[in-house]
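What follows is a set of structures to go through.
Next come two complexes, and both contain subunit A; in the first it sits with subunit B, in the second with subunit C.
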Partner chain A sequence: MARAVKNKQKIINTVAAWGIGLLIFFPVLWTILTSFKTEAQAIADPPVFLFFDWTLENYAIVQERSDYMRYLWNSVIIAGVSTLVGIVVAVPAAWSMAFVPSKRTKDVLLWMLSTKMLPAVGVLYPIYLIFIQLGLLDTRTGLVIVMMLINLPIIVWMLYTYFREIPGEILEAARMDGASLRDEILYVLTPMAVPGIASTILLNFILAWNEAFWTLNLTAAKAGPLTAFIASYSSPEGLFYAKLSAASTMAIAPILILGWFSQKQLVRGLTFGAVK
Partner chain B sequence: MNLKTTLCAAGALALVATAGANAATTVTIATVNNGDMIRMQGLTEDFTSSNPDITLEWVTLEENVLRQRVTQDIAAKGGQFDVLTIGTYEVPIWGNNGWLVSLNDLPAEWDADDLLPAIRSGLTVEGDLYAAPFYGESSMVMYRTDLMAKAGLEMPDAPTWDFIKQAAAAMTDRDNEMYGICLRGKAGWGENMAFLTATSNSFGARWFDENWKPQFDSEAWANTLNFYMDLMTSYGPPGASTNGFNENLSLFQQGKCGMWIDATVAASFVTNPKDSTVADSVGFALAPDNGLGKRGNWLWAWSLAVPAGSDATDAAKKFIAWATSKEYTALVASKEGWANVPPGTRTSLYENPAYLEAAPFAEMTLNSINAANPKQPTVDPVPYTGVQFVAIPEFAGLATQVGQEFSAALAGQQSVEQALEKAQALTADEMEAAGY
Partner chain C sequence: MGHIVLENVEKSFGEVTVIPPLNLEMEDGEFVVFVGPSGCGKSTLLRLIAGLEDVTGGTIRIDGQDATAVPPAKRGLAMVFQSYALYPHMTVRKNITFPLRMAKLDQAEQKRRVEQAAAVLNLTEYLDRRPGQLSGGQRQRVAIGRAIVREPSAFLFDEPLSNLDAALRVGMRLEISELHERLKTTMIYVTHDQVEAMTMADKIVVLQAGRIEQVGSPLELYRTPRNRFVAGFIGSPKMNFLEGPEARKHDAQTIGIRPEHITPSSSEGTWKGRVGVAEHLGSDTFFHVHMEECAEPVTVRSGGEVDMHHGDTIYLTPDVEQIHRFDDQGLRIG
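And then the complex of A and B:
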């Protein structure tokens, strides 16, 4: 009897999880489907779901009009380098907060997080003027710096949470065996926190990949990543939904594939320490 | 050849190569995503092959994003762009601010006198032409000829608002999702307020009197808004308060609108059989009036300008002269046919029999543009220029707020009287704060 109830509960949970998953994924699926429609089919009422004349025309037009590889390369560089630099800065910071806390540690953590509460547009002009002065407008270097800084609070917080789950005694034992601070972080702490660090890298890579405010405001013709590529297909006067969907699909495809292959690592990292 | 000679030769070659690289000028063009602009990007080889020392780079953005990006860059002197795509709202304001370079010195063969007078006057500030029009548009009535015939009515070339209401009533069949009229309802200075400001001109209303006092408490504005609400709630589609250009285009193309009053540029979309289910039964007429001497049509031109901070002014002007020339029009015609040339900027285009034959909406577009006068847009005198906008920096923010009130009234969240009262109050506050 108990087994039957358990099975029933499991089925309900599975159906609910699939339902929620599909609901979340539906806009992405609809974008992908629309990218294979004609412009007329894209706006058809009632909407057509699967039974339409599939076409690659929109992809051909987008390929012809835009230098996709340039945007893709910019996205890879900006998201990748900003995440890696962020990790290099955040690991020692999170280590000190997790293992050598002071009475101000929590305040510092909250202060760091509070920088995310300011609307980005509030600091647009100062940053724009600084970028002009430093010659960083429309450069990948400038965007790497900005992306790294805006994501740093999240990286530090995530790593801090993971590091807190690692028993301090292990690090203490390493110190007693003569490990230096560098060795302790590199050879003891980091290998133990690999799932946490990996999921932090993945999550921040995704955040930097999808960031659209700074990438649109600080770039022009050279350093624009895939967000700028998508924006170039938006139009309030003319129905270009199918082409916009094709551009969006091309922009999200790399990150979708990356997420698909690393989903185990991502889930393990995100649930790391959640259940004691 | 000894090592010394080889090194000298290599050095000389490197110098020549460097000099060549330095001589190339890059022109960065900020533009919007619409059919005519995209077509131009595809044809630029014609320009670069005859100007090998100029490299073109494009930044294509949605028009509101572009407006914000360009404003920010000009105000902060970022110098990121050498050619800007801007509209008739920005040109007089930015020209007055000294943000744009005068284009009075474009070559004589560019033929400034060939520009349509209404368009040219909208881009000129105290004798200086600050932008070259790439394509111009007005607004007009697009209607279903089959439904009109079925209703036993005939659309005049220059209809009145009363006739539009009568025709909308005759064509509406809500049970079959057929709506007599589709109009903009989505809030925004370039959305519902473009339509309503232009419409208000034909009702004798105005935004401000000659002393910059807001006029939303006038009878003319009450008549405008009451008429619009009555038309839309009786014969318009459901959810009209969120409909903009694209939503109405979609409805019209699917055969759900009897009439649609919007930008003339829509004519090529609704008559394109590839996208429109009603392509072979669309007629055109001038925007309606009320017999007061002003029609409810607007005037807009997407134009190319050079920002004052550009370090490639000469190359930018050369590009603009090419992109807005008669030769460019001929180039588009030779590659993609006369129906696809950018309309609404030059008199010569409307004297070209090949164009008139290829574009059935050409004459109506020209008449609509000529019917608008940005210097005298209203029945009573006003201190501003602009047909569907007031060419002051405060207008965009102000009209968006007013548009939200009007859109809320259309959604049934408040009455027309309440919307007008709020519009009057917030406009008075904003104008006082701005020092008018």
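And then the complex of A and C:
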């Protein structure tokens, strides 16, 4: 009897989980479906779900009008370089907070997090002016710097929580074995924290990839990543849902595939790391 | 090589003084054991010598050089930790090679030393395994291997056997003692187990609340403990303490007598009591005897099998020569 109840409960849970999952995924699914419709079908009322004339026309037009590869490359550079630079800066910072904490460590961590509480638009004006002064507007370098800085608190927090799980005695053993601080971080701490560092990299790559506020405000044609690519189809063109959907699908495809392949790592990172 | 001197070394964490200023000298080649109850500061003292903690005051000299401000990596000491602290992502070979790699020794010499250490410690067939695939005793041997390849001027052991089961502990104790015989290198060993201290040490340092209570060879501490604390801590089972009229007979506040210095009898003796618990070990028999004169049961050791049981009347005769006398401060008299 107990077993039957358990199974019933399990079925309910599974159905509920799938229901919620599909509900969350539905907008993405709808975008992908719309991208294969004609413009007329895309705005049809009542909407058509699966039974329409499947076409790749939108993709062809989007690719013809704008250079997808250039935007993709910008996204890869901005997300990739900002994440890597962030990691290089954050590992020593997280090391010191996790292994040689001072009275103020908790305050520093909270202060770092507090920078994420300010709405980004609050600092848009000064940053925009600084970018003009330094000639960084619409450059990948400028975006790499901004992206690295806005994600740094999260990277440090995540690495800090990972490093805290590593027993301090192992690092002390390395010190007794003659390792310098550099050797200790490079040969002992980092290899032991690889799972944590990998999920931090992954999460931050995704965050940087999807970041739209700064990329839209600080770039134009030259350094624009995929977010700018999507945006270029939204406003000036009027009601072109199908093409906008095709552009969106092309923009989210790489990160979706990356996320699919690394979901195990990502889930571990999210549950075990910063969001514990 | 391996002559370590502590001069007025003290340590505080914030307001809390863990170790008030103390002086201690460890001769080259000596096996020194720091022993004391939990929280007595013995591990902190070891970590000060290692350089893993900074002293609050005083000087640490290693082979005549002032090492107080020298980082741990440069002190030429090797340490074996209670948790083994092996590098989990490296094979046994890489773990043992690590200090040599850090010292930038050439490849051939690294290989030679690692293989030699592995042979000494019976680790040769495990060299390509990872620490996670080894038993506790094997892990501890890897940790020791990692320490000996450096050929340090002294070894520091921080309760290295307390994570092992009882049988393994006895075996490793012998291995470490043999290692000391072979290497003749200074070893400083921290433990809360007085049996380890008695069996391994050339010199025992008994600590309590960061203070040194007594320094001496195992038998010195056994025969002439300087105070009640050392008397009660060294020796197993513990020394019996009697106060009141019995102690006054010997002109003392307290007298102490070890279980092995009392002869039990079923017919006659100085003291009369009743057997509480009798522990028959075969080789020995321990009686916990309740006497009217004292609140605590008196422990008595008798060699071999003695046919006395719970509730029996027992007579005890202490060996007067072996009675330790303490004054009202707990200090030894005479």
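The working rule: the second predicted complex is superposed on the first by the 257 of 276 C-alpha atoms of A that agree within 3 Å, B and C clash if a C-alpha of one lies under 4 Å from a C-alpha of the other, contacts with A are read in each partner's own complex, and residues count from 1 in each chain.
In this text, a contact is a pair of C-beta atoms (placed from the backbone, for glycine too) under 8 Å apart; a residue touches a chain by one contact, two chains touch by 3 or more.
Small disclaimer: the values here were computed from a predicted structure and weren't measured.
Chemist: Answer with clash or fit: subunit B and subunit C placed together on subunit A by superposition.
Modeler: Taken together on subunit A, subunit C would fit alongside subunit B, as the superposition shows.
Chemist: Could you say whether A:177 touches subunit B, subunit C, both of them, or neither, answering first, second, both or neither?
Modeler: second
Chemist: Could you tell me if A:138 is touching subunit B, subunit C, both of them or neither one (first, second, both, neither)?
Modeler: So A:138 only meets subunit B here.
Chemist: Between subunit B and subunit C, which makes contact with more of the residues in subunit A?
Modeler: Looking at subunit B versus subunit C, the one contacting more residues of subunit A is B.
Chemist: According to the stated criteria, A:40 is in contact with first (subunit B), second (subunit C), both, or neither; which is it?
Modeler: In the superposition, A:40 touches subunit B alone.
Chemist: With both complexes superposed on chain A, which partner does A:125 reach: first (subunit B), second (subunit C), both or neither?
Modeler: First partner only.
Chemist: Which of the two partners, first being subunit B and second being subunit C, lies in contact with A:256: first, second, both, or neither?
Modeler: The answer is neither, since A:256 touches no partner chain.
Chemist: Rounded to a multiple of 10, tell me what angle the C-alpha centres of subunit B and subunit C make at the one for subunit A, in degrees.
Modeler: Taking subunit A as the apex, subunit B and subunit C sit 160 degrees apart.
Chemist: With both complexes overlaid on chain A, does A:231 touch subunit B (first), subunit C (second), both or neither?
Modeler: first
Chemist: Report for A:16: first if it touches subunit B alone, second if subunit C alone, otherwise both or neither.
Modeler: Neither: A:16 stays clear of subunit B and subunit C.
Chemist: In whole Å, how close do subunit B and subunit C get at the C-alpha level once superposed?
Modeler: Scanning every C-alpha pair, the shortest subunit B to subunit C distance is 50 Å.
Chemist: How about subunit B: which of its residues touch subunit A in the complex?
Modeler: Within the complex, subunit B touches subunit A at residues 28, 30, 32-35, 38, 41-42, 57-65, 69, 72, 76-81, 190, 244-246, 249-250, 253-254, 256, 263, 265, 269, 274-277.
Chemist: Looking at the complex, which residues from subunit C come into contact with subunit A?
Modeler: Per the touch definition, subunit C meets subunit A at residues 50, 52, 71-74, 77-79, 81-83, 85-89, 98-99, 102-103, 146, 150.
Chemist: Residues of subunit A touching subunit C in their complex?
Modeler: 167, 169-170, 172-180, 183, 187-188, 191-192, 194
Chemist: Under the touch definition given earlier, write down the residues of subunit A that touch subunit B in their complex.
Modeler: Spelled out, the residues of subunit A in touch with subunit B are 38-40, 43-45, 65, 124-125, 128-129, 132, 137-138, 216-217, 220-222, 224, 228, 231-240.
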